[in-house]
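Chain nomenclature is as follows: A, B and C, assigned in order of appearance, with residue numbering initiated at 1 for each chain independently.
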């Protein structure tokens, strides 16, 4: 069961060049993505309505897509406009069409009824088109339900254990709790980090980021279905206490340094998902080198998450009757799961207007 | 659900040398094939009645087959004739025995009650034993239900798309419809092909077969469970119109050239099948070279079918609730599926005589 | 369905060095094994009670084990003694703890309620700690239910076929029946072997063991869940007849030579198991060389069993409705299956005392 009235990250913009058909699975729906002659995104169901062959094995003809099994041709709305050897085209000859938007360096797809697509719901990610930051990015596929990755990203207490050696995170993350507040379609997680990294921390990174004694203010929004947008800023020792561990404001002075990461967890099937991430410092002198260093450490750390989460999924699959035991660290995951549950319930109790796309399910 | 009172192609004759046990799965039944001392075919259930070990891991002893787990010995009728260390052999100690016939270069197995096996039902394939044709052959396994391959072979409109580059088929195949008539246990598909191949056509093949301007008469029978027997003949330009696009008769003159292909689709499990094919020109000068060329192109083309059909099967498996949308090109597949459905229904409503093999299920 | 009130062989002693977490699956339960600071065995459920991550990816801290996902720490009884950032530890925060004993070179785990664990039920295996024998050992994993391996080990009639070429076993094993008697928690199988090995027998082994004319007395106990303890002794020709094919006693003189094998079949999941085996002659001059030779032949033979049994499992899985046909050779397997069925029934009808570990299921 997935949220449908929602924008999902399907790809990095540059994963979809012209004249290319890209198959994607999102929320258990097979999709084919391409660009029309003007570069505009087209996203159709990746399943011909005739014999159920994948349209991603088809042929682009101008703005249209021809199934290369028996030749049906579909326009960019998914309506069949040609059946070879047959003059009458049945009204049912169409495939679903999905609204898609290119923004913040990502391709976002709306999986609900097209008439309800609202671009204002696209999370304000920071992408490579934002000149304020110097970002690097990567991605990985998980053999796990996407909610297990969401759980991981909404509770950073795991940093003290899973990433003790990569990020060099101290036990402060596990020992103290962040503030977790509900925001529209998500949660906001905020905290000060005042203890130094442990002895495993990458020396180069510590030096470069000046992490020896600085205090870090960390704030992220986590938005349905699985988008993390995090701002981290470093301040001189004593700042946290001076601000009473509250959020630094405009009057509290510029941070010594700052960085931003945008991440997205996109369910493919109930047992697989794709994880997209970018990270990097403020643009400026030395930013490229710092960004390269940061993403290298992140790659190592995210591989640690993957190993743990896929192992967790296997344990769960081995005996699906076993229940989890919620603890105080689970406030973020618990609230975020409730956000998603509520969105799904809302979809089910509020059917779309009769005017909404009837091809929607 | 498979037809049982039916001859299935199990192998090429030369796949079964003397002193060899060959395991095969046909219509979801595990079988073991071997030759007795006179070279006659023996086909037994590949599952010892004692502990269910596969007899294909057994040992040939003259005309008999010994299970090499605990030593039970079966004769060529599948009756157990020795239980080591036990003088009384239980009457239930037997495995099913299947009628088998070697004909047209293929080994055919009757999967129904042995008493009902009728050799007259073996399709009149053309095999390497037919001196009139110079054939080459090949085979491939599909990860797909055999009916999807049958669908492909009973509707050649796909040639214009799937094989646009290998066979160089023009869009004529998709744009115009063949005649499809019902025949006993199958359908007959006939048509004239009057347009030239497209620019992708293998130049060598076009030259060799004289396909530049010739018109092609194509006629094939497709017989249950999945046997295609096709005759193609090339005539001078204008012949199709002169014959009012009807079948050329003996009075209409010899074709410039002709070729024949025999093909068989054998279900292994509900999700796998094996596809056997031979193809070649009339015997005569240059026939060997032409046959080599033809089969090379066919191999390429059949790999294209496999790619599309296995992708189609995956789409179907991903969401089995999705229905196909029949179009006018589907006349052949629809009629052929009806033939198979009727044969299965007939089997179920007409139980065999009490005299029929009681080992049958 | 597995026996739970039972000792299962989990590993060879030397598979568990200090400072190491070893994951094992036994009777479908995921376990993690380690040694405390004094070398004593600790066996816990390999599934954190919090988020179900595997504890085998955790960190040993003295005698305790910390989950490295969110940092919960468990003591050697499986009781959670630390939840980072939380002062109150919920009483449910615990994982199952399993009694474990190191004996005869094996690590044995009790899968039932800890309070019922009775070391007297550990089978009297012969291990490398027994100076009377010179043993070699090995192991292999089966893609098969463990009862199929038990069946194989409780009916040696298969030696005449499966191992005709490795052990060189004659058909005597299949042609004549051993004595099979019921003993507590198992069966005893005894027989004389008076015929020579066949022409395939490893010449070196025959020479070394003096197997040309000797008669062999073979006696083994097979105990739940799947432990085989076999003693074989060789006597001069005529001994079997002289003893009226009965068991040699102390008054019947020393055998010419003898050997012992301990074997254990441990179910992992319903479709996988692990097979442990050791074998070797009496300690003494030349014993090392003989033991090496014996284990080399055994390895070859046990690979033959694996091939046959895994093929048998596949046939069974292909059509689970097929029933086996019991024959007189099946006395051992049938009795042993009954032993196991009775033990399972007894567990279900005799619930443990209220004092037994409440964490048991």
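Methods note: a contact is a pair of C-beta atoms (placed from the backbone, for glycine too) under 8 Å apart; a residue touches a chain by one contact, two chains touch by 3 or more.
This one's a predicted model, so the numbers in the text were calculated from it and none came from an experiment.
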item: Chain-level touch network, classified as line, ring, star, complete or other; value: complete
item: Homomeric contact chain B-chain C: same or different residue positions, threshold half; value: different
item: Turning angle required so that chain A lies on chain C, C-alpha fit (0 to 180°, nearest 5); value: 120
item: Separation of chain B from chain C, taking each centre as the mean of its C-alpha atoms, in whole Å; value: 49
item: Chain C contact footprint on chain A (complex, rising order); value: 151, 155, 157-158, 160-162, 171, 174-177, 307-308, 311-312, 314-316, 318-319, 322, 324-325, 327-329
item: Interface residues, chain C side, partner chain A - complex; value: 28, 30, 46-47, 49-54, 57, 59, 66-72, 83-86, 90, 92-93
